[in-house]
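After this come two complexes, each holding subunit A, first together with subunit B and then together with subunit C.
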Partner chain A sequence: MKYTFPLAAVIALVLIAWIGSQIPGMQYLFGVALPYLAMALFVGGFCYRVIQWAKSPVPFRIPTTCGQGYSLPWIKRDKLEAPNNTSEVVARMFLEIFLFRSLWRNTKSEALSGPKITYESSRWLWLFSIIFHYSFLIIVLRHMRMFLEPVPFLVSALEYGDGIMQIGAPVMYMTDAAIILGLLLLFGRRLVNRQVRYISLANDYFPLYLIFSIALTGILMRFFLRDGIDVVAIKTLAVGLVTFQPTISGDIGSIFYIHLFLVCCLLAYFPFSKLMHLGGVFLSPTRNMANNSRMRRHINPWNDPKIKPHSYAGYEDDFRADMIEQGIPVEKELPTKADD
Partner chain B sequence: MYDSGKIIAGLIIFVLFVTFPIWYNHGDAGAVPKVELPKDTKECVLPADQMRAEHMQLLNVWRDEVLRTADRSFNVKIGDKKYQMSLMNTCMQCHTSKKKFCDQCHDYTSVSPYCWDCHLAPVE
Partner chain C sequence: MAVVKVDTLSRSVAEGPSLMTGSIPRRDWQDMPVQFKPGNYAYPTKSEILAYLDSQPGISLPNARDWSPEDDDWKLPEDWKETIINGLAERLDKFRSLKIFMDCCVRCGACADKCHFFLGTGDPKNMPVMRAELLRSIYRQEFTLAGKLLGKMAGGRKMTTGVLKEWFMYAYQCTECRRCSVFCPYGIDTAEITMMLRELLHLVGCGINWAMEPVANSNRTGNHMGLTPQAYKGNVDFLCEDIEGLTGIKVNPTFNRKGAEVLFITPSADVFAEPGLFTCMGYLLLFEAIGLDYTWSTYASEGGNFGLFTSNEVMKKLNGKMYAEAKRLGVKWILGGECGHMWRVVHQYMDTMNGPADFLEVPKSPITGTVFDNAASTKMVHISEFTADLIKNNKIKFDKSRNAHVKATFHDSCNPARAMGLLDEPRYILDHVLDEWHEMPENTIREKTFCCGSGTALNTDEIMELRMRSGLPRANAVKHVFDKHAVNTLACVCAIDRATLTTLMDYWVPEVTVAGITELVGNALVVEGEKRQELDEGLRTLVF
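Showing the complex of A and B:
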């Protein structure tokens, strides 16, 4: 069920776009209205989620430290694993965001032969993630050739580098192959690793299927189903969208509308799903906090200032007579009365 | 809201980044390319919409065929003239100008075909 339901959902989305885009007049819905709606949902939803996170107090320093923290001057400390100031946190976050360092550190425990358990570094998830995320990034940046007029040098350079193998015409992009490979590996990991298969849910498979079908429709559109793929008409529409004067010229093939509709679905789905780790990685308290609770006092922001500290001595002062009556030992006896 | 300075600044950067095409184009969609069509011929080797979408694949097939079999026969007749598989002797006979024909759309969509790595572009 958790494999087939999201697959059926993606197939349904493809069919909606395929059939819908062939109805006369519906091109404006799929080509103009839905992209604007999806983009509004994406930006609005993203900001909403980040602000909701920012509203939650993080009263304590909870960085995950996995190295020697700052201590005595002659004890060698680990600046990346237990950062204690902002610049060390920035270095740690940079490596996390750009190189997925916490995945790199993954270990796998196995009881291979007998009672001894062994720990071995297991970097498969890191490898699959790096392949997938960087391909996706390059593909998104490359698509800017459709939205920017004139096309900036950086975008054409990226495109040239990506197609540098000059296979076929239009040239094959290396990232197209890499993103499909990365997605298959990430999907295969969820099936092969039984612990991961057990914890995987429909909402883990849905984004994989969705992004896979986006990549697949893109590849089909570029290389195989070129019928009606007039790139000039597509760029005119894309540039029109970002200059708020969209025009749909010519008869663009259905595969383009399927691709675009799936991207719209991804954008609209993004802020409300696990894909928000794009924003979440910046707001992870276990990564973005300095391990400085021994140097600075951090006051819980939801403490009520009207509630004053109450010491044990004060507590005993309040209840001494009752405590003595109940036989509870006290540090200070009741004052002896003068007339006894 | 906690750490609002950093988070609002980060969100502003994010929004500016994802809406970059809007600022970059600043409302100017640019001119749609206008290709100069040949004056004396009205027909191409394939219908116009097919050529628009698939000419690069056709040329790729031509190149492979000609290089591997040295056979240039394409046998498409337009009027009483027979055409062969050749970029320079077929395409460029009618579409004489690279600048006014090929480059118009290629520049617009940032396509740099590697035809001209081997073929000499006409001097213009």
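Showing the complex of A and C:
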């Protein structure tokens, strides 16, 4: 069920857009109203989540140190893995966010007879993730040409670079192939890796199916279902959307509406799902804090001054006689015994 | 309880049907209720212990009662469900870490085979991601829009007694070692999850005695072992007699002395039981050799803090004694002994909870003049930092041949490694006191070190098989260097390790003994005026 239900959901979404967009007058809903709604949900939801996170304080300084910390001056420290100040934390976060440094460490363990437990470097997940995330990023940036007039140089350059292999006409983008490949690899890993397979939920398959469908409809639109894909009309719509003067001109094919509707679904779904790891990775206290808690006092806003240790006076009252007998200094002497 | 034979356990780990060996359970994890039976759970808190703790000002540990995990009815309070959900809401508001860790996991599985409990048991719910899902599923159901609307389809599930029992089982099969957090692309730290689970369980009176009795002892007597001042001093005095017998050096430690420059605090296990005793002898001898002006305290006689394994309130309450005693005695700074979780508390929590320590001075070694600016605010220095500095400045002399009987490897304790970054100081010391020592394989040391398997108050005998399983990854790495280099000593900087690794080695690698770093320092130390006998086993040598 965790495989099929999300698949059925994505198929249903495709059908909704396909059939819906053919009903006269509904183009405005799919081309204008839903994109605005989805964008509002995305931006609003994203901000809401980040604000919700930020509202909770970070009571304790809990970085995970993955290297030698700041110590005696002659002990070589690991600035990236046990950062001691903000700039080192920024460097650590940069590597984490842009190069997935923690995944680079990954190992695969096996229990062999003996018993002997082995740990083998395993960077497949790192590779699959890099392929997927970077293709996705480049594709999103490439799409900026739709919304911006004139097209910025960087976007054109990216597009040129992405198509540099010059395969076919229209030119095939490397990232189109790569994102499909990345998604298939990540999906395949979810099925093949027994541990990952067991922990996976419907919430893990749905975004994979959804993004796959988005990529697929995009590719179909560019290479195979070109009838009715009036690029000028689409660009007019896209520029209209960002300038808040949307106009739907000409006759745009269903495949475009399917593609757009799925993107809207992704945007709307994003803030309410695990995809928020995009925002969360910046805020993770084990990664974004400096390991300097003995040098600078960290403040906990809800620290309760009423929690006090069992007092020394109470302790001495309990053990005074024995302490005196043992010659341990005391604050108060024993009361002189009253005469019988 | 008889522990399973090592051959049987070996076969079970490598061949038994488990997720580690390749068989995937047919049922979803949500449909696999936990079953408690003798040996797979630690005994619950004795009701009188819990009642005593609940009576202490500043902390709340309600619902003391007699109950057993094996019973169907856990005698939970009437409104337990509400208590749990409200407790979770409160903690989501107090800890950003919890919120982020609930929301961000993508179930990539990078953490799955990093946990020593999973490697040793193959139990799917011991994968860190799954341990978190036990809580996350309730979070989704109760606190997220998707979970409220879609329930199970969005990965939610209803809070039931079955879920609560599952929490009790798996919150006490995690030692908060943070190894998974090293590998997680978002740094999700299962220690945070386990801490929250344990706090929630305490709200309804479900805890384990091996954690709570030391907490109660520590609160009243100052130490886990419940040693009274006379017993504490008596034990240290005994060790001084031994030192005199072995080395001819007369050591005169002081207790609760006002005006000493330094307050020394170490886990009470060091003055109570082998092999920690030998580490303690190392401290005594070292401080005597350098003429340190220091005092012990019987009031703050515990470096360890089982509050870390209980709740942040209890941790703060127990930890408060360190600064309180330092202030009362008027010392300049605090020196801390070898201990793992103690150092997590000191490094990451103490100053925040009980500071500012403005009555102390920035630690400065009276012997070398080195200022420990890495402890400028907390004002507490680790014994390995202190010793390494002495060695670097040539203030102590060693005769490595006195450690000729030792061929060591070094175990990084979880907390100094992953919550402090103390990795090279102990290694530097080892280089100077030993002729020969060898590292364990790269994926099992430093930040990737494996837990002893019995941390966070799990070093209790009724779960011995579980401990031998969870300690296997560590033991296996020791076995590797034993086979390769004939290593005979496992050195460490942790009191829990000294106790638990000894049991673990006896089971998996009986040829290897466990020693604290400062014991090895004491062995090799050349002290002026000594009349040292031929000590075949260093400070462990029996003399009559």
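To be clear about the criterion, the second predicted complex is superposed on the first by the 301 of 340 C-alpha atoms of A that agree within 3 Å, B and C clash if a C-alpha of one lies under 4 Å from a C-alpha of the other, contacts with A are read in each partner's own complex, and residues count from 1 in each chain.
As a convention for this text, contacts are C-beta pairs under 8 Å (C-beta built on N, C-alpha and C of every residue); 3 or more make two chains touch, one makes a residue touch a chain.
Everything numeric here is computed off the predicted structure, so don't read it as measured data.
By the touch criterion stated above, A:L125 is placed in contact with subunit C alone, subunit B being left untouched.
In the superposition on chain A, contact is made by A:V232 with subunit B only, not with subunit C. In the superposition on chain A, A:I62 contacts subunit C only, with no contact to subunit B. In the superposition on chain A, contact is made by A:L103 with subunit C only, not with subunit B. Contacts of A:A54 after superposition: both subunit B and subunit C are touched.
Of the two partner chains placed around the shared chain by superposition, subunit B is the only one that A:M144 touches, whereas subunit C remains out of contact.
With both complexes superposed, C is the one of subunit B and subunit C in contact with more subunit A residues. For the contact definition in use here, the residues of subunit A common to its subunit B contact set and its subunit C contact set are 54-58, 283. Taken together, the subunit A residues at the contact with subunit B in this complex read 42-43, 46-47, 50-51, 54-58, 144-152, 155-156, 159-160, 166, 168-171, 226-232, 235-236, 239-240, 242-245, 249, 251, 253, 279, 282-283, 301. Residues of subunit C touching subunit A in their complex: 10-11, 13-15, 19-22, 24-25, 29, 56-59, 92-101, 103-110, 112-114, 119, 122, 124, 127, 129-130, 133, 144-146, 153-155, 178, 181-189, 192, 219-222, 228-230, 233-234, 255-258, 298-299, 312-313, 316-321, 324-325, 328, 346-349, 351-353, 355-356, 370, 372-378, 380, 385, 388-389, 392, 417-425, 428, 441, 443-444, 446-448, 472-473, 476.
Subunit B makes touch with subunit A in their complex at residues 1-4, 7, 10-11, 14-15, 18-22, 24-25, 27-30, 32-33, 49-50, 52-54, 56-57, 59-60, 105, 108-114. If you check the complex, the residues on subunit A that touch subunit C are 5, 49, 52-72, 74-78, 81-82, 96, 100, 102-103, 105-117, 119, 125, 129, 193-204, 272-274, 276-277, 280-281, 283-287, 291, 293-300, 302-304, 306-312, 315-316, 318-319, 322-323, 325-326, 328-329.
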